[in-house]
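We just call them A, B, C and D in the order they show up, numbering each chain from 1.
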């Protein structure tokens, strides 16, 4: 009787442990996915920032060229 | 004797379950943190994209104004 | 006889003088026209130069605004 | 007496003719100078207009390049 009772409690605990371990695995997989997602986001963000920096340099170049053009026009007006 | 054996097994299982549940909680907290981190990143990304869109509109305006200036210069040259 | 001769010479001179004075008047009218033409050109040139200077100032403004936009983009990239 | 009178008139006319012819020459030189001045102005104006047209083409190029840069930024924002 007592042996049955013990067996029942043991089975109960074993089942609960199995469920919890299974839940654990699921959580670990989710955590791993999220971490990869975050890393991937970080890489995208860096790549995006790098592209924007290239664009900023291009814009710098255009502003410089417009300033040269402006100076050429200024000299042209003064010499005319 | 058998009762002692059972008790030992039960204690073992209980301890293991406790550890696994504790590990579970830790994982759930980490998962929650990561999810909030991802959401926060997503919000920042959206805000950044919104700022960039505003900048794009400003750039459109500047290009439009430069084009008007170009047309004014063109007409001036032809009328001179 | 000598009187006729003198009269002939006098008429000749008078005619030549008249022709030269007439040519003179034509030249003075042409000169006056050319001077007005030059003045008008000078005025046009000044007006043109003034328009170009206004355009130059507009271009300065656009370059300044593009530089502000560039700085905003630069800060945005660094803060992201 | 009458001969003297004639001679006097003839001298008078000759002098006047000489003055008028001299004035004529002066006017022709001035006219020639002004015509050369006008032609020179015209050539300068053409050269100026040509320089401005080159500048207009440069400005067209810059506007085109800014528009390309704008499109690159637009695509970057949408792809991010």
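The definition used in the following text is that a residue touches a chain if its C-beta (ideal position, glycine included) is under 8 Å from a C-beta of that chain, and two chains touch if they have at least 3 such contacts.
No experiment lies behind these values; they were computed from the predicted model shown.
Enquirer: Equivalent interface to A-C, which of B-D, A-D or B-C, with over half of contact pairs matching by residue number?
Expert: Interface equivalent to A-C, from the options B-D, A-D or B-C: B-D.
Enquirer: Please state whether A-B or B-D has more C-beta contact pairs across its interface.
Expert: Looking at A-B and B-D side by side, A-B shows more C-beta contacts.
Enquirer: Suppose each chain is reduced to the average of its Cα coordinates; what separation in Å results between subunit B and subunit D?
Expert: Once rounded, the distance between the two centres reads 68 Å.
Enquirer: Taking the mean of the C-alpha atoms as each chain's centre, how many Å separate subunit A from subunit B?
Expert: Subunit A and subunit B have C-alpha centres separated by 6 Å.
Enquirer: List, in ascending order, every residue of subunit D touching at least 2 other chains.
Expert: In subunit D, residues 45, 52, 55, 59, 62, 66, 69, 73, 76, 80 touch at least two other chains, as defined above.
Enquirer: Per the contact definition, I'd like the list of subunit C residues that touch subunit D in the complex.
Expert: 2-3, 6-7, 9-10, 13-14, 16-17, 20-21, 23-24, 27-28, 30-31, 34-35, 37-38, 41, 45, 52
Enquirer: Okay, in this complex, where on subunit A does subunit D touch?
Expert: Touching subunit D from subunit A are residues 44, 48, 51-52, 55, 58-59, 62, 65-66, 69, 72-73, 76, 80.
Enquirer: In the complex, go through subunit D and note every residue touching subunit B.
Expert: 45, 49, 52-53, 55-56, 59-60, 62-63, 66-67, 69-70, 73-74, 76-77, 80
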